[in-house]
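Could you have a look at this structure, given as structure tokens, before my questions?
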Amino acid sequence: MNLSVNDLSSNLELLKKHNPLVHNITNVVVTNVTANALLAIGASPIMAYAKEEMEDIISISDALVLNIGTLTKDIIDVMLLAGKYADKKKIPVIFDPVGAGASGLRNDASKEIVSNIKLAIIRGNESEIANLYGVKLETKGVDSKGHVEDKIGLAKELALKVSSTVCISGKEDIISDGSNVFSVKNGDAALTKMTGAGCISSSVMGAFVAIDKNYAKASLTGAVLIGICGELAALKSKLSGSFQVEFFNNLSSFNSDILHKYAKFEEVCR
Amino acid sequence: MNLSVNDLSSNLELLKKHNPLVHNITNVVVTNVTANALLAIGASPIMAYAKEEMEDIISISDALVLNIGTLTKDIIDVMLLAGKYADKKKIPVIFDPVGAGASGLRNDASKEIVSNIKLAIIRGNESEIANLYGVKLETKGVDSKGHVEDKIGLAKELALKVSSTVCISGKEDIISDGSNVFSVKNGDAALTKMTGAGCISSSVMGAFVAIDKNYAKASLTGAVLIGICGELAALKSKLSGSFQVEFFNNLSSFNSDILHKYAKFEEVCR
Amino acid sequence: MNLSVNDLSSNLELLKKHNPLVHNITNVVVTNVTANALLAIGASPIMAYAKEEMEDIISISDALVLNIGTLTKDIIDVMLLAGKYADKKKIPVIFDPVGAGASGLRNDASKEIVSNIKLAIIRGNESEIANLYGVKLETKGVDSKGHVEDKIGLAKELALKVSSTVCISGKEDIISDGSNVFSVKNGDAALTKMTGAGCISSSVMGAFVAIDKNYAKASLTGAVLIGICGELAALKSKLSGSFQVEFFNNLSSFNSDILHKYAKFEEVCR
């Protein structure tokens, strides 16, 4: 699949034109920053957790993001229910398996979600994706610790296995829909020091799958956007408070010119 | 009712003098920013969600804010219980019907709260207030989408129907206690791009009703304060991160001089 | 116990070297800022609330922080369970009795936690610690209101009674392990206007007890670090938004030189 910066740029325009409503069932650490990130890029956020309103909320939503960062048994049930309604309404679902590998509960919930819900994109760090695939990698809680030899193979294999686009975030992001593979070299280490950067990335991809049925392209657009905003923020400051402010400033001023100037991605031939 | 800027200015002084404790049963997206906003203007926040401590917490609180942004069945029960104790202790209650119209659960919970709790102020956006009144307006999740012909009539009618002061937030805020109507022209579109601006506004009104039994005046003070802080922040920056920082800076440096210089409200004769 | 700035400085190095994983069962108001604070100083945060994964999460954690700021009956059970696993694995536990004195539920939960879990450090404000000791002091919700005559005596007595290090935060912090007492004069009033400053302080102490078995020294390191970061932030700005940004900037740039230049603590001879 040949993808140029112009393809990603079109997604920016579509996003601003359609202002999709992204429903997030996410963790309590990142709710505020996730909502602000979606607003900053031109989408609309909603967070809803009650099973009694799940059908109603899904019926007005354009995408669903499931993030297990602070899951409980009840939340898993709500996620499965939301996924069922999303399948029925045919809206795309993003899955962020935060901390997969760190507990049996997270592993089991991840498997249940992957088995029962049609997922457009799965986005996680290296150890989360490896654990999801069945390779036991050590985690540092919700941060990645272990390494796999072949990230490209892992992304491609998992994508084929579960029929989703898979994005492994890291110093280099790897995105695969099972047949095509892309690598993204945008980003900065400062992003790993801001809590929720990965979670935000998943929700931003939720905004792009809402307007782009090519999930690999949607995922790529999100990964490049987050990466560039991290880079530009880090140029201003790598200090914790200022970096956060600059990151959000860049989200809200992101545009086609910036995309063309800074995008660093390529198709990986394999 | 003749209200001058001086009347609002007196409320600022009373707030700083009495430092009221505002109890918030609010959504998980805005807890942190709500607490910081209350601290910034000179009030004290508390958030408590356990039914077992509701009576104790209400007994030390000066106002109660109910916000259904991320409600569950349990939270609805806790809100009804908190409202009962607030009625008993005669402390004012603010209701923010976040996302009313977006789900049956939110509609039902809103009706139950309005029917069972004596409310000092109901604050919401146009579609939330319309849905509460029984006019079915389309929502964009938790954001307003539809429009009513006559916002002034809506505010006045709902205020009469439920015996509360009603504040419809928007480009122009409309506040009515059923007999008087005020319009506020302070504010900036950047506020709609910061998650929780409305929720913060409700909690800030909670701080003012704690020290002012004239609920229309208390609501007006809150609406003007939030509007001006949004305006002044937007003068510095409309970028997502910087706007938030500036908004909170303005909350914490707000004073009588700024109020006199920037307040834009008037009584609407009807 | 003779403690010099060099002892605290060694803790900074150990923290950065070992990058401990700190598990927080904390309140919904402060989750985001707590995670960012831990990342900023060089630790790793995890937040997990499901009883089903508590054993797994504790097994990979280096310290546990229990904070009852927005507790429910379920959360109390989860905390007791987490504490049991922490005892078993011998990882240190920090307890932050937010709002102790404000409700029977918080008092009862605090007593249950103190009775059933071996605590490395208890950190709270004056009224929380007094209430924990059994002296009924008035609270302003989650903020301290009453005063005790003898803070040093209180810290020492409670430390002896419960066999923990006790830190009473305030204008002057008092830390005692029952035999030694330290006072810290770093800090700024602006910290009391930022929600979660105390909660952050508890979690930061969680990072230090993970790498220092001398709990009084670990607590002292945390208190001095938070105090200095508050002071330096306040030098830049006391406005709500900017102060927060500067506080986090200082957390992430804190180092041995800053510690040596600004630390103000002393052993209190009693």
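In order of appearance the chains are A, B and C, and numbering begins at 1 in each one.
In the analysis below, a residue touches a chain if its C-beta (ideal position, glycine included) is under 8 Å from a C-beta of that chain, and two chains touch if they have at least 3 such contacts.
None of the values given here were measured: they were computed from a predicted structure.
Engineer: Which is it for copies chain B and chain C: same residues on both faces, with over half shared, or different residues?
Structural biologist: Different, since most residue numbers here occur in only one copy.
Engineer: What is the Cα-based rotation angle between copies chain A and chain B, on a 0 to 180° scale and rounded to a multiple of 5?
Structural biologist: Between chain A and chain B, the superposition angle is 120 degrees.
Engineer: Indicate the whole-number Å distance between the mean C-alpha point of chain B and the mean C-alpha point of chain C.
Structural biologist: Their C-alpha centroids are separated by 33 Å.
Engineer: Using the touch definition from the top, which residues of chain B touch two or more other chains?
Structural biologist: 28, 32, 244-245
Engineer: Quick check on the complex: what are the chain B residues that touch chain C?
Structural biologist: For this pair, the touching residues of chain B are 19, 21, 23, 28, 31-32, 35-36, 39-40, 44-50, 52-53, 56-57, 60-61, 244-249, 251-253.
Engineer: Show me the residue ranges of chain C that touch chain B in the complex, using the header's touch definition.
Structural biologist: 27-30, 32-33, 69-73, 99, 102-106, 139-143, 193-196, 237-242, 244-245
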